[in-house]
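Which chain is which? They are A, B, C, D, E and F, in the order written, and residues in each are numbered from 1.
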Amino acid sequence: MKMVIAVVRPEAADAVRQALLAVDIHKMTVSNVKGCGEQPGYVESHRGIVVEVNLLSKVRFEIAVNESFVKKAVDAIIQGARTNNIGDGKIFVLPIEQCYRIRTGESGNDAIG
Amino acid sequence: MKRKFLALCSLVVAELLIPGLASASTAGDAAAINTGDTAFMFVATGLVFLMTPGLALFYGGMVRKKNVLNTMLCSFVLIGLVTIQWVLFGYSLAFGADAFGGLIGGLEYLGFSGVGGAPCAYAATIPQGLFAMYQLMFAIITPAIITGAFVERFRFPVYMAFALIWTTLVYDPLAHWVWGAGGWLMEMGALDFAGGTVVHVSSGVAGLVAVLVIGKRKDYKLIPMFPHNTPFIMLGAAMLWFGWFGFNAGSALGLSTSSLAVIAFITTNVSAAAAMLSWLAVEWIHNKKPTLLGASTGAIVGLVAITPAAGFVSVASAIAIGLITAPLCYFGISFLKVRLGYDDSLDAFGCHGIGGIWGAMATGLFCDPAINSAVKHSGLFLGGGLHQLGVQLLSVVVTLALSGVVTFGALKLIARVTALRVSANDEIMGLDISVHGEDAYRDLVTE
Amino acid sequence: MKRKFLALCSLVVAELLIPGLASASTAGDAAAINTGDTAFMFVATGLVFLMTPGLALFYGGMVRKKNVLNTMLCSFVLIGLVTIQWVLFGYSLAFGADAFGGLIGGLEYLGFSGVGGAPCAYAATIPQGLFAMYQLMFAIITPAIITGAFVERFRFPVYMAFALIWTTLVYDPLAHWVWGAGGWLMEMGALDFAGGTVVHVSSGVAGLVAVLVIGKRKDYKLIPMFPHNTPFIMLGAAMLWFGWFGFNAGSALGLSTSSLAVIAFITTNVSAAAAMLSWLAVEWIHNKKPTLLGASTGAIVGLVAITPAAGFVSVASAIAIGLITAPLCYFGISFLKVRLGYDDSLDAFGCHGIGGIWGAMATGLFCDPAINSAVKHSGLFLGGGLHQLGVQLLSVVVTLALSGVVTFGALKLIARVTALRVSANDEIMGLDISVHGEDAYRDLVTE
Amino acid sequence: MKRKFLALCSLVVAELLIPGLASASTAGDAAAINTGDTAFMFVATGLVFLMTPGLALFYGGMVRKKNVLNTMLCSFVLIGLVTIQWVLFGYSLAFGADAFGGLIGGLEYLGFSGVGGAPCAYAATIPQGLFAMYQLMFAIITPAIITGAFVERFRFPVYMAFALIWTTLVYDPLAHWVWGAGGWLMEMGALDFAGGTVVHVSSGVAGLVAVLVIGKRKDYKLIPMFPHNTPFIMLGAAMLWFGWFGFNAGSALGLSTSSLAVIAFITTNVSAAAAMLSWLAVEWIHNKKPTLLGASTGAIVGLVAITPAAGFVSVASAIAIGLITAPLCYFGISFLKVRLGYDDSLDAFGCHGIGGIWGAMATGLFCDPAINSAVKHSGLFLGGGLHQLGVQLLSVVVTLALSGVVTFGALKLIARVTALRVSANDEIMGLDISVHGEDAYRDLVTE
Amino acid sequence: MKMVIAVVRPEAADAVRQALLAVDIHKMTVSNVKGCGEQPGYVESHRGIVVEVNLLSKVRFEIAVNESFVKKAVDAIIQGARTNNIGDGKIFVLPIEQCYRIRTGESGNDAIG
Amino acid sequence: MKMVIAVVRPEAADAVRQALLAVDIHKMTVSNVKGCGEQPGYVESHRGIVVEVNLLSKVRFEIAVNESFVKKAVDAIIQGARTNNIGDGKIFVLPIEQCYRIRTGESGNDAIG
């Protein structure tokens, strides 16, 4: 089991979800984050004082999948989020050792989907 | 903007040099002033002033988080822009004596010259300065209403130019025709108590035409973008409702010569109430989910619809006008807009255009000489036949034509010089950050 | 709701058919109208109108995020519902001539018939239409106050029915008894300047009874659920305070016949100020944490307490009334409520019930014939003995009884037909989403 | 706070015991009362009242999330504190007959004794009670303005004490000198229509001195801390603007004796509008980012600058005053403040100090006897020479001196007894949690 | 050392915390997330247009524990969050390679508690 | 590749970012969280009722780095966030199995920076 963590542009979040659904990945957890990387920030101004802001709004997906779904998930995310411009984001795959479905107490591969 | 600013400066300097041009006379014909009427109109003016910030909240709550400041500024900045336009020449164009064969007012009030403590023919018991301020507040909110149609994509400097053009070429003439001395629509017998056509139809259709010209928001797919802050919407609607008492009752221009202020006060509140309930009922019938957004919207369209009729109809008619306006606008927004596929972001046309047209026509259906002797022909439902309805229709058509044509022409002209919309990238980032360099809310706790 | 809507429609149609039923007369007895008084009462009416949206914010800020829209709508929708009720029959029940041996007003003003520009016996210097509008605003906010007790669990359609029943069977008769022509409580000498019993005691106790009937919120464990937006609370409190100037000073119904408006204006502000400081002081003594919620609550209970007394007491008495009300309500909320274990969500009873009862009794302690000649017996502390206190007690008891019994009966009756509360699941989801299908704030940045 | 509370209580008790001390007379000289004027001044008073909650929002939106409630409470609580101070003795100090050789007013109005329905010399056509309430609202907002300088670090109990001292030792004498019967600044010919020096210069400089005494916020590094909620700022600015109509137009104290109310109404709105546009233009020139914060700030500094001049200058002059104030304040805030390195959190000095000084001087440049016969010497730009400018300068200097010295002295004195600032830890946690034990917004959805 | 990540219903968050405290797990990091899975969404309506919303509010716990506490943590979370209805949420266990306490600079098993 | 997760005091977040930039770590994802641990909470009061609140605002950093940067990242975070008072927070290091840059489709060590 793997945890696929993706950080994408806010405006791409919807397309990512659609792409995931299209490959039969329905379960995920989503949150607001701020990111910084190569993407240039923007300027805020406040009564004549101008400040550069580098942390930009991003959306973070957390998708736990069985091994066989990892590639599908990664491809779907890339498909939904890629604009070829700096700031498209990253995908990280982390190992999951165990998983439980709270409702049933099931664990392991069965619990993930 | 820079150039406009310089132009303004030079005008001001000019006025300072030409003695007396803008000096408001204080030696008013004090005898004619009624202090009760004056206090009343001062209040009414303040109330209508408050509607524009109210609209800023109403609209601001409805857009997405990334565009709230742009949306609010589009309304708020008009208090600045239109005030200066009005004082320099707008008031004169609208309320000066007929010029160019009645097309527009003369230039006698340029720079508010002579507009001071003495009363004028428009309102014999209050200072003309107050009358001019009262009318100013109408001039401010009218273009602000338009913004509801095209927010979330319009360029701000272009917007400033457009607003200035529009208020000068649409609002000022229309106000002259309907309310100005010898205005031809008024002479013809068109009834518009507080601005159903001048304010609502004109701005609603301008919004529609504008979005047809500039196109949809990039990510608009016929499903609405949900409000980011609904409590702001209710607060804005409440401020609008509160202000509307000044808008409609104040249009009687006093308390001493008639009881129209009270009549208009009652019909205004009753129509808004009926429309609120009616909107909630429609939502209930539709999907059993009455909403706060719906209650707020219902109230607003009830207020829009009663605006032209407020001082001409009975309480029962006001209830009917309110009850009917809600389903009409609901249908326009949830069916027509989707079917026709235009992107009227916050339903400026859906609420003010449709509601305003209905109100103007309803005035022809329900107007009652027993309520107001200015009504020469009873409405259709009171047995007066089709005459008044016809006149009302004509005034609607004239408004649609003038506002539609000027809006279209102005935008097409500007589009030759510069882009109307922000870049795709700026639209995605949100106009607050990309255009204004400010963010409405701080998200990170560190900030 | 659907059926109610149809009923409304048919009523309106009926009125349209019966000529004259609702036509407001414009041929007012203009000679008697004082424009200053009329302007003043127009303002006062607008101010009291604003209190209901103010209450919506005050309450809305206090609930949890998932219930804010339901809470706000419960107040806001009453502007619609009660306006229509009032215009159709409520005003007549409250202010028509005695019927049924003084239990209720007659039907002469159904559909606001004859309520127009001419003055009436209640207020000789302003149009009756304005008087009726002013009283309407009181009728709107009273049931809105009740909602503070039972929000976060009450079904919305049931709430609409309950509000309609309550305003008709509790508010209208009470208003008649205390303020109507020949009302028996007034005749008996009960003093209630601006609605201490009619508005605050009646709604406060209705809230208490309602929560006893419907029970606690599922997750209420005697610890408060913290406000989700405290700035809204302060804004709401400020709007209420602002509006209360209209509520209390306006209850003088004019400026020309007495200086009671000014007296009431001063005592109102002073009592609110004293109660705010006193609440902060109590918090300081208790745990060294004076709060903005506390300052806002203190101001409100100070305003509640002075309401019945505003035009009857001296400035010094107003300070005393304000200083004392804060600890009383503080104790009621932080001790009594917890001890007795009822779940008065936002302390409708704790603020309006307790504060209102104290205010009514305080009127019997501090009322002063030197301030207002309507005071026939000086208050206890001014050496007038127990008489006035007794009358005040009686009027409180009558109010508690009427409101308590009708509230209990109405809810129990409705409970036979349909559920009073939303399902456990809907309560957990939050009423905004489950009942109204809307979410107050957008959380995800994508939205 | 505890002790202060006890002191208050005993005062109240004292008044209750000394009969008549605080009883407001109702037997007013009714003949002299003009109901229109009275209605107008009632409205103006309500409007100025609303400015303080407006300021609470304006300031509250500007601070960081963790300090919003403290910031709002600092304004809001003054409605309580100053009301009680004013009623007990403040009004008497400011508007009583000259005592101590004109340094301060006498004690005849202690406890609002004799302040009731009858008019007084200050305003012959309205009840003195209303005049006193109107002036109260000015007394409330003045110290509230100061808080903008030192929020996010000042101890709350110390603040309460400071506010009480400041309003008594700075505001009351200043008001007496400028507006009181026989006030020496007024006698000298200083023109201050609605409080440019008394309100704005005095509070602005107090803010500057206070931050010099207490020092910077721990994490202030010459870059601004961005507002946490900009829509609140616009709403606050709109409430201030709305209220300012009462502030300036109301300073004519009526409608019947002159048309100054209308003149002031026009100049006020025009100056705010011009300053808003001018601020946006400066931002545009600077970095092409016109902001909503900028539009709001521009409007406020335009209102500040016109305050002393409102009833003395022409419309054209008002435009000029507004156009110039924005770049002045912009420069002060973005350059001077950074260069000099003081931490005026929300620019109380930058807006009210600089704008107020400019307004006072501008009155000496533009004042026009044709507008107001109280102007004895035309302004410099109207050919009247330097006389009036000199008098204005003197009144500014006197204000700077009095307010600066008392603020410095009071803070230094208090600092001997107790700390002025919260602990470093509390400052980091945020004052809302550490000082008030409340959190403005609930973040976790479980809450 | 393991990272126990749990996504639960908002209304269960308090019970989960109590249950964790009961087994002597006091340290945790909590955040708001939106989740979608099998649980049906709800309908939002906006001026007559009705839209289905699938992302529901959830609360995410992140609890770093030593091996011996993993089972206790999982059991406590299940106990606090289980309603037996769809939507109760998931628990994921991920490996932690190293852990530091910032205050002391300690690392490893000692740093976690 | 490792995922460095740090939970720090809100007021330290800026210093942490500066410290990371100083060691050439520019890319990161940041979010608001609430944390509880040993740090004492505070008291909230509501109309006379006083409640102890234990969840405090914290800021969470998520920084994916190659092995060679782990120590630098940890040291920088400690340097920026350490006040020696209870509540300074924790750093957790988790293994990353794979990483993708959405813009280019690159994967592995190259994609992380």
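As a convention for this text, a contact is a pair of C-beta atoms (placed from the backbone, for glycine too) under 8 Å apart; a residue touches a chain by one contact, two chains touch by 3 or more.
What you see is a predicted model; the values in this text were computed from it and never measured.
K.L.:
Starting at subunit A, what is the smallest number of hops through touching chains needed to reach subunit E?
P.N.:
Counted as steps through touching chains, the separation is 1.
K.L.:
Between B-E and D-E, which chain pair is linked by more C-beta pairs in contact?
P.N.:
Between B-E and D-E, the larger count of C-beta pairs in contact belongs to B-E.
K.L.:
Interface overlap for subunit B and subunit C, more than half of numbers shared or less than half: same or different?
P.N.:
different
K.L.:
From the C-alpha centre of subunit B to that of subunit F, how far is it in Å?
P.N.:
51
K.L.:
Between subunit A and subunit F, tell me the centre distance in angstrom, where each centre is the average of that chain's C-alpha atoms.
P.N.:
Using C-alpha averages as centres, the distance is 18 Å.
K.L.:
Suppose each chain is reduced to the average of its Cα coordinates; what separation in Å results between subunit A and subunit B?
P.N.:
Between these chains, centre-to-centre, one finds 45 Å.
K.L.:
Send over the residues of subunit A in touch with two or more other chains.
P.N.:
11, 30-32, 34, 43-46, 50, 55, 57, 94-95
K.L.:
List, in ascending order, every residue of subunit C touching at least 2 other chains.
P.N.:
34-37, 39-40, 43, 226-227, 229, 287, 289, 291, 293, 437-439, 443-445, in rising order.
K.L.:
Testing understanding: with touching defined as stated, what is the shape of the graph linking the protein chains, line, ring, star, complete or other?
P.N.:
Contact pattern: complete, every chain touching every other.
K.L.:
Please give the residue numbers of subunit B that touch subunit F in the complex, ascending.
P.N.:
443-446
K.L.:
Where on subunit C does subunit D make contact in their complex?
P.N.:
Per the stated touch rule, the residues are 34-37, 39-40, 43, 47, 64-66, 225-231, 234-235, 238-239, 241-242, 245-246, 249, 254-256, 258-263, 265-266, 269-270, 272-274, 276-278, 280-281, 284-285, 287, 289-293, 295-296, 298-299, 314-317, 319-320, 323, 368, 370-372, 381.
K.L.:
Under the touch definition given earlier, write down the residues of subunit A that touch subunit C in their complex.
P.N.:
Interface residues on the subunit A side: 10-11, 13-14, 30, 32, 57, 59.
K.L.:
Sort out for me which residues of subunit E touch subunit F in the complex.
P.N.:
Within the complex, subunit E contacts subunit F at residues 1, 3, 17, 26-31, 62, 64, 94-103, 105, 111-112.
K.L.:
Name, in rising order, each residue of subunit A that touches subunit D in their complex.
P.N.:
That would be residues 43-51 of subunit A.
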